[in-house]
Every structure is written in C-alpha cells, then in structure tokens.
Amino acid sequence: MKSTRLVTALAAAGLVAAAPAVAQQTVKFPNIIELSGAGATVGTNWRNGVELAVSEINAAGGILGRKIVTEHVDTQSNPGTARAAIQRALDDNPVVIFGPIYSGSVKATMQLTADAGVPQIIGGEAADLTAQGSKFIFRTSFGQNVSMPKLANYLRDEVKAKSVAVIYVNNDFGKGGRDAIMKELQARNIKVAADLSTESGQADFAADVIKIKAANADAVFVYLNEEESARFLREVKKQGVSLPLVGETTLLGQKVIDLAGDAANGVRGHVGLTVDAPVPAMQEFGRKFQAKYNYKPDHNGVKGYIAPYMVKAAAEKAGKLDPKAIASALHGLTITPDKTPGILIEATWDTTGEIDRISFLAEVQNGKQVITKTLPKLKP
Amino acid sequence: MGEFIQLVVTGLTTGAIYALAAIGFTLLWQTSQTINFAQGEFVMLPAFFALAAMNVLGLPFSLAALVAIALSVLVLGVVFKTVVVDPLIRQGVLPLVISTIAVALLLKDGVKEVYSAEAQPFPSFVPDTVVTVLGTPVSLSQLGVLAVALAVIAALQGFLGGTRTGRQMQATAQNPTVARILGVPVERMVMYTFVINATLAAVASLLISPIYLAKFSNGEHLGLAAFVAAIVGGFNQVRGAIAGGLLVGVVDNLAAAYVSAAYRQAVPLALLVLIILFRPQGLLGRREERAV
Amino acid sequence: MKARLPLLALALVAVALVVAPLGLQRYGTYILTLWLVTSIAAMGVNLIVGYAGQETLAQAAFLGIGAYTTALLTGAGVPFGLAFLASGALAFCVGILIGFPALRVRKHYLAFVTLAFTVLVWLVIRNEQWLTGGVMGMNVRRPGLGEINLRNHQNFYWFVLAITAALSFALWWIVRSPWGRAFTALRENALRAESLGVDVRLYTLLAFAIGCAYGGFAGALFAPLVGFIDPAPFALAPSLLFLLMVVVGGAGSFAGPFVGAAVAVLLPEWLRFAQGHYLIIYALLVIVMMAFCPSGIVGLVRRLVALRPKPSTADAPAAPAKEAA
Amino acid sequence: MASVLEVRNLSKRFGGITAVDDVSFDVHEGEILGLIGPNGSGKSTLFNCILGQLAPSAGEVRVDGHGVTGLRPSELNRRGVSRTFQLLQVFPKLTVRENLILAGQEHQGRMLARLFGKRDAGLTAQADRMIAFFRLSHLAEETAGSLSYGQQKLLDAAMAFMAGPRLVLLDEPAGGVNLTMLASLKERLHAINAEENATFVVIEHNMEFVMSLCSRILVLAEGRIIAEGAPEAVRRDPRVIEAYLGH
C-alpha cells in the first residue's frame, strides 16, 4: 500500500517533471563581458575568476544541487554589442547575468535587466550606476562614488598635496572617475593644477607628461586603463619626473606593473581589491588563480571570482534559484567568509546594489604591490 | 620655451618613425598604384615577429630583431606583393584598396588570435637613461630612436640617389612606361620597393614598440599617421613623406599641448583636409597635369 | 517568362521577410532588424562605390549623424517621422559639403577626405558631451506610431521592413532613371561621359550625397533599434567594414548590399563557434574574392547560374542599371 | 560662310615645352576640316584645349561667336560640341542603345526632370535612328563591350552625333579599323555631312582617308600651323613633306 503510493507519486512527479528534470541538473549563468577590444585585459581576468569559482562550486555540489554552466559572450568592449548580447541572454530567462565590466556597457544594458527582473552582477564602477533606481544591479567593487572620497582623503592626509594634476582616459571609466575626483578635490580645497584628457588606446604620452611637468603640482592623479597607465609611467620615467604618482586600483594592478617594469616603482594609491591584501583567503585565491592560469589576477579577477559566490549565498538564503528572489535576498545581505569562503572578504550590499567592505592603501615597491594600510568598512 | 623645445624634439622622434612608414607608403603608390591601407599593420606586425623569436625560439633581442626584419621582408614584402597585389593590379585601384583593408583586418585579428589581445612589453635598443642636456632632461632611448630613424632615411636617400639600382627605382616610380623603354627591369624594381617598404616598416616597428608596447591594434594610429604624413608631404615624393612624417609628429605633440588634448587627433586631419583643398599635390609634391 | 521569374522571386523574398519574425524570439528579431538597417546604409555605399565608382570611408559617420540627429530630435519631442527625414536631409547636406571640395581634385581624394571626416565626426560625438552624452552615450526611446506600439520587437521589425522597402524602391527608381545611367557612365568612363555632356562633378556629388543620406536614414533607425548610442559604432573601423561588406556582397548590383550586410550581420550569429576567427575568415574571403571575383557574391552566383546551359544569353552579363533583384 | 569654331592665338605649355604655339584657325559651317601632322606635333593637345579637357595657357576659343574658353567639357558638349577619342571610348557594360541614349540624355530637360520626369522623351527613337544610320540595328541590344573594334568605332562616332551637335571633333576615327569598316565609316560620315549639314574636324594619320574625306586640311608641326588648303595642294606642299620626312 505504502509502496504503491510512492510509485504513483514518483510516476506523477516523473510525468510532470520528466523533461525539465534533466535541465534542472544545471543552471546557466550568462557571462557578458569585454573579451576583445579595449577591455580585453579586464574581461579576461573576470572570465577566469568566474570560471575558477564555478569549478569550485560545481565540485562542491553546485548551487541548491544544480551545477552551473557558464556561457561567456564577448561584448567587444562595445555597448551596442553588449546590449544585443544581454537581449539574447534574456531570451532564455536566466536566473542571473554576469557583466559587463565597462560602465558604458552596463549603462546601455541595465534597463533591459531591470525590465526583465533579472539580477545583473556587474564590474562597472561609474558613480551613477547605482543611482538610477534599478533593483537588479549589484556591484562587485566600489563605485567611484565610494572610492574617490577615500582617494581624496589619501591625497590630503597622506600625500599632503595642495595641488594635483589629473590625467584621465576619455572613456566611460576615466571620464566618470575624473568627474568624481574633481568633486572630491574641490570639497577638500585641493587645487587642480592640470586636467588632462587622453585617448583610449593612446600610445604616445610625451606631450601629456611635458604638460604635467609644466603644471607644477604636488602630486599626479592617474586614472587610465591598464596599458595606457603603463605607457604613461614609462614616459614619466623617461622624462625624469619625480612627482608622487597616485592612482586608484588599476594603476597599482599587476598588469600595469608587468607592462611598465621599473617605471611602476613608487606608484601609490587606494586599492579596492587586491590579491596582495593581508587577508589569507585572498592570497590563497591568488595562488589558486596563478596555478590555473599562470598569471597573477588583478582586481577584476577577484570581482569575477566572487560573483558566483554572491549568487550562491543569495540563492541559499532565498531557498530557490529564482531571479527576483535572488535580487531581493542580496539587498541588505552581508556575506561572510566563514559561511561562504569564496566571498574572500566580508561584504555587504545595500538596497541600491552598492557594495561595502574593507579596502587598502598600497604602494609599488620593487615590482610588487605592497599594502601599507587597511581602511575599514564605511558602515562596519 | 624649454617646454616648447621638448615638445618639438619628442614630436620629431615619433615623426621620424611616421616618416619611415610614410616613405614606404608613397613608394608603393608610385611604383604600383597601391594605396596600402594596411601600412599601419605593417608597422605593428614585425614587433610580434621579434617577440615570437624571443619567446618561442629563445633568441636574444638583437638576433630576434634581425629575424623580425627578415620575416617582414618575406611576408610583408614578397608574399604581400605576389599573393595580394599582383593578382589585383589589373583590376584597378578600388579592388586593391579593398584588399589592403582586408589585409589590415587579417593582420590585426591574426595577431590578436594567434599571439595575444593584450599589450606586450617590448625591449629597447637603448636603455631608458635620462641625461640632462642644457637643463632639459632628455632620454637616451629617445635620442637613439631619432638617430636610427634618421640614419635609415639617410641611407635610403643615398641608395635612391647614389646607386644605379636606386636611380632605376626612381625612374620606375616616376614613369614605369618610360623606364621600361629605357631598359629598366621594371618588375624587379617594383619588387624592390615592396622589400624596402617591408624593411622600413620593420625598423619602425622595432623603434616604436618599446614606447607603444606591442599590441595588435597599434596599426590603427600608425596607419592614419603615415597616411596623413604621405598626403601632406606630397604623395609623389620621398622627401615629401619625410617632411610630412616629421611635421605630423610635431603638430600632433603641439596640438596635444596647446590646442586641446581631446581634439589632438583632429589637428593633423584638419591639416590633411586643408592640404587637399589648397595644395592637393602636397607640400613638397610635384603638380601632375592630367586630362580631366 | 523572363520578366516574371524575378518578380516571382521578389514576391517570395518579400513574403519570407514579412513572416520571418513570427518564428523568432526577441534577439533573433533584433538581429534581423539590424540586418535591414545595415542594408540601408550599405545601399548608400553601393550607390557611391558600385554605381558611381567613388570610394567612401565615411558611411559609419553618416550613420552616426543620423542616429544622433534622431536621438536628439525625438528626445526633444519631435515626432519620429520628422526626425527620420531630418536625419537623411542633414546627411545629404553634409555629404554635399564634404564632397564638393574633395571632388574638385583627384579621384582618390574623396577617400582621403571621407577618412578624415569620419575621425572628426567621431571626435565630436565623443567630446561634445553636453550634446551627445560623449563616451557615456545616450539612451534612445523607441518611437510610437499612432496606435502601433513599436517597443514590441516584431512591430518594430515590420516598421523597419516597410521603410527598407520604400528606400529600396527609391534607389531602384534612381538607378533606372537617366541619373542611374549617368552614374554608371561616370564609373565606366568618366572622361567619355564628360564629353557627352554628363556633368561628372555634379553627378558624382549627387551620387555621394544620396549615398550619405541613406547612411543618415539607417542611423535614424539604428538609434531606436539599439536603444542606446555611443561613439563606438560610428568610428573609422565600422566605416571600413561598410565598404568591405558592399564589395563582398557585390558592388554595383542591386542585391549586393543586402547579401553583404547578411554576411556581416547574420553570419557571425550562425558562426558563433568561430568567434574570434570570424574576422580572419572574412578578411581572407575578401582578399580571395577581390582576386578572383571582384563582382562579389552576387557576381559569383550569377556566374554559376550562367554556367548552366541556357537557350538565351540575353541577360547574362546584364548592366547594373537593368538589375532589379 | 559663318564660322562655327574660331580658335585665336591658342597656346599650351607644359613646363618648358610648348605643345601648341599661337594657333589660330576657323571652322566653317558644313565643312569637314582635316587636321594632320607628325606624331607629337600637338594635334591632340590642341583638341583637348579646344574641348576644355586642358586649360590653354593663352588664347581664346569661340563657338558660334560665343567665348567658351575654360568651360568644362560637359558644358561645351551641351553647347553643341562633341567629340570622339583616339583610343576606344564606349561604355562596355551598357547596350548599344543605352550608350546612345546616354549620349543624348543630358541635352534635354532639367536635372530633376531626368530623375522624376518621363523616362524616354523621344530619346529611344532618336537612338534607334542613329543606330540605323550607322547600320548597327542588329546589335542594338548587345552590350557595347561585345562588339568588334570597328563596330565600336562606329558606335563611338554615332554617340558623338546623337544630340545633333553643331560641331564634332573626331580624333583618329580610322585608327585600327579594317578596310571594309573604314569604307563604311567614311561613307557614313559623308552622308551625315551631306544630310544634316554637320560640321566636323578630323585628326587622322591615314592620309588616304583624310584626303578623301576632308574639304580643307590644316597641317600642324611642332605646335604651329605650317600649311593650310585643299587636300591636293597640301599634299604637294614642300613644307608639309619636309615636316613629315624631316622627323
């Protein structure tokens, strides 16, 4: 009697769920990122970070019993292409979407995910991304609205600069950072001695460095992409400039150090995420990444790595792999490394999708990033 | 004033490299009516030959540089001429233009897929030591680049003007039909120009890559600069290309410093448009009278 | 029979295009619409390159002029229809302005001037943030059309299809008119055309400006299709790709731009596995095609069809002006 | 007799070389004027200067008494001056009929009417008349590129006469044409001269052809006119013989 009922129940379940049962073994996470074009370095780091985390999660049994399948799609660092790719991904009703990393591409796509009600875990750092009222945008790193005040404090308190020359790259990343830092510098009465726009992909920085020399500032704030940062640092060294060079995360990243060689030594600034952080879990991640991909990850590698763990923690809190449930679970959620080791550092998301966690001040010494100070969470 | 001089000197350095690319550009145009839209990629590629020689074959940089020049002569000179240009020369200029655009795409994406999408550090012949000359810090590597580029240009001028083959090449460039009647082996001379173009491109590549870092997309900027330099200087004159290259390098630097960094690219292009409007034969070019 | 066969084929293609989105999801429809928009711009390039024998490296810039004009005008409350016409008209006028000086001098100088123009337009779009949103781009709302909701992807597709059909008809009319004959004449032999009273400079300028206007029209549709515009799609590299796609499709044949745009837009979707290698294959294809079949895919197909034994040879190497695919 | 074309003191210099040196002559209505001279004597340069293809260094050109110096070839053509070329110049991908329609279309209507207006306006009929006149009717639908060399020469000439010009300049119409075709060409040119009172100037190397076609001949050597007169007189002129043999 008991067994018949079980059989009927199984049969009924089988009838209803026979076809989806196979599909339910896996869950697809579309990963829409910059794999070519200007953002290739950024996107490759992020992709490898995602892959590493996904393989760990799958090895440990997946999320709520379902294995993750990732599909990497190249935006060619182009917002229009990113938009099309997200549209395509949304046609499959995904649980979550990863990427893009470039803020312009995020801006071009966030309306789509908001309309579809699918959480979008982004790498973008433009200040206004979280200010547009989307309930489905989640950062993996500080927005410029968070990092620039920290950096401006650093310029005032540690560098003790009265005037600063700003050089930025004229794209969504650089322009956004430049606008944010200008506001913060003004608020702290630090004079802007030069405000230099450069091209994305610019190869020749001779004229810019000459102008910086002529500006007579106490320090230079450098906000360029990786390759341009390296070219700029080389040119600075070539022209024998000895001003403090201050930057945010990117400037102190491993890629810049590799490309700039000696010229990177002495560069300092604020770093949101780094595998050189004095946090054992972070350093362990760095080693695993290095072992698998044979290079040292930058902050985008870390951002990619924590993205699947964010979804895991949120889905486990919500108890289901449902886009809207995951989004609402993430709002106000604090993920701690003791429960979810993959998050590496304790992090909290507010209701706009902004992230809060500790960050670092660092300096490049002998071709290595060295952490000099740890800054606490904004709201501990 | 010190700032101005420094801007001019660094402008001349990059300008000398543009000139190398622009000379090849005009030579190809003169001898085979090839408007080479892949000229920038021709300067991008040899650096990767050198990198491959160093990283795959484990050669020292000096040998790798020679390998890069040799491979360039083969691939960008001989192969480019026989495989791409020769079959198309009869089809007229437009198909050839299209084909060189495709070659540019092929080289760019080929390097990206085969080697790497990311920029690569590239060694320099001369160390980055800074010396102070008359109170202005000048980098030895910059002076080295300028010296090598000018030496190569001088050698080329000497070859074109001072040797029998050089004069035959010039005759071919000026008027292939007459040259043929005068007994110049025109076909061979055309091949020589392709070889010279490839060599110049390789030298430019080895000089510029330490500054630019080796990257698949470097050709976009370099190609445009060479193109503008060639037209501004005078499409039918080697010395026009030299002057055009130096001028574009200096103008670019001065524009970045004194006009607007955001519109620095616009200044050489505006120069190009003005030249086309008011002096279509270029600054140093000869006027060509043609029916219609 | 001879006249009826192309008509029948045309009707079949038309029906297929109308029903196409019924089986497709949002993304598929998006790609199909993108193909139509690209085809419009490519038709313009074809008029300039294929019919009039000039070289343009600026079609993406005109696409941009159209896209930003439409985005700004509709953003300011101007009805889409008006913005659409304004986009084409502005592109036409700018075409006249840059074509006029360029065509005074030698032939390839139009290529040089359009190249410079493309970069300049891109710089303006990127730097004048107050107007264009600069590198941050700007969002574009899809227009309404009376009762019809164009936010629906299928409705928008049919809307674009109707405009494409209208613009195709207009171009067909032009190339079959005495203008078209004059365009062909100046491509084939400008010297002779001039001596027969054909004002080569005026006709070249007209062909160029009309081609540019098609770029502007395409841009006016591109902006609401993508819903977001930024400087990237209007740079020099996409302009070069426009030129390539027309040549690959078949410069100087009416169907060429549609085929070329399909190769450029649809093929990468089907060849997703090839990903990064796609452009390499494409570039190789162009080089080989230029050497062996400069008349493009349409020319290749026509050659293959001509290989079949046929009773009449009358329409084998038809003049472009006679084609109506 | 009214002058259709007046050339006054025309000179053309290329750098240091004077290709046409102070040339003056008239062409009268209804005549066939021959222009001969050794290679390099400046015949084609003179033609190109008259037709606006080259800008003369000095001098003046008048058509029916109106100054046309410096006009572009297309404007000159619409004022009734047409030409053929030394080397074959037809539109190979257009049909014979389309070649002729093209040659006529710019002479009627306004620019916009050519786009929106009636397509034909008698052009096809006129084209077919020219085709018939030059005995090419059986080839009307063929593309010009598929015609034989001689047939293309006929078509080239037909195009020059299509719009009923005041004056036609023929640059070596006989060059490379075989004997039968040559006879037919000469016969047709005579016919059109007789029937339509057409005026033309012919540059030609084929002496027999030019002597039998033209009513008056100018001889050019080193950029100057050295002799002028009826064919027989020119043929015997010692200066002409010297100019041809001396080089």
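When the chains are written out, they are named A, B, C and D in that same order, and each has its own residue count from 1.
Throughout what follows, a residue touches a chain if its C-beta (ideal position, glycine included) is under 8 Å from a C-beta of that chain, and two chains touch if they have at least 3 such contacts.
Every value quoted in this text rests on a predicted model; they were computed, and no experiment measured them.
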item: Required minimum of steps from chain B to chain C, each step between chains that touch; value: 1
item: Least step count from chain A to chain D, where 1 means the two chains touch; value: 2
item: Centrality ranking, top chain (CA atoms only); value: C
item: Far-end chain from chain A, centres as C-alpha averages; value: D
item: Centre distance in Å when chain A and chain C are each reduced to the mean of their C-alpha atoms; value: 39
item: Centroid distance [mean C-alpha coordinates] between chain D and chain B, Å; value: 47
item: Contacts with 2+ other chains: residues of chain C; value: 126-127, 191, 194, 200, 276
item: For chain D, residues contacting two or more additional chains; value: 53, 73
item: Chain A: positions in contact with at least two other chains; value: 36, 170
item: Touching residues (chain side chain A, partner chain B) in the complex; value: 35-36, 40-41, 44, 170, 196-199, 201, 203-204, 206-208, 210-211, 213-214, 226-227, 230-231, 234-235, 237-240, 255, 258-259, 261-263
item: List of chain C residues in touch with chain B within their complex; value: 49, 53, 55, 101-102, 105-106, 108-109, 111-113, 115-116, 119-120, 123, 126-127, 190-191, 194, 200, 236-237, 240, 243-244, 247, 276-277, 279-280, 282-284, 286-287, 290-292, 294
item: List of chain D residues in touch with chain C within their complex; value: 51, 53, 72-75, 77-78, 82-83, 85, 89-95, 98, 101-103, 105-107, 111, 114-116, 119, 141, 143, 159, 162-163
item: Contact footprint of chain C on chain B as seen in their complex; value: 35, 37, 84, 87-88, 91, 93-99, 101-106, 109-110, 112-113, 220, 224, 227-228, 231, 262-263, 265-266, 269-270, 272-273, 276-277, 280, 290-292
item: Footprint of chain C on chain A - complex, ascending; value: 36, 74, 77-80, 83-84, 87-88, 90-91, 104, 107-108, 111, 126, 170-172, 175-176
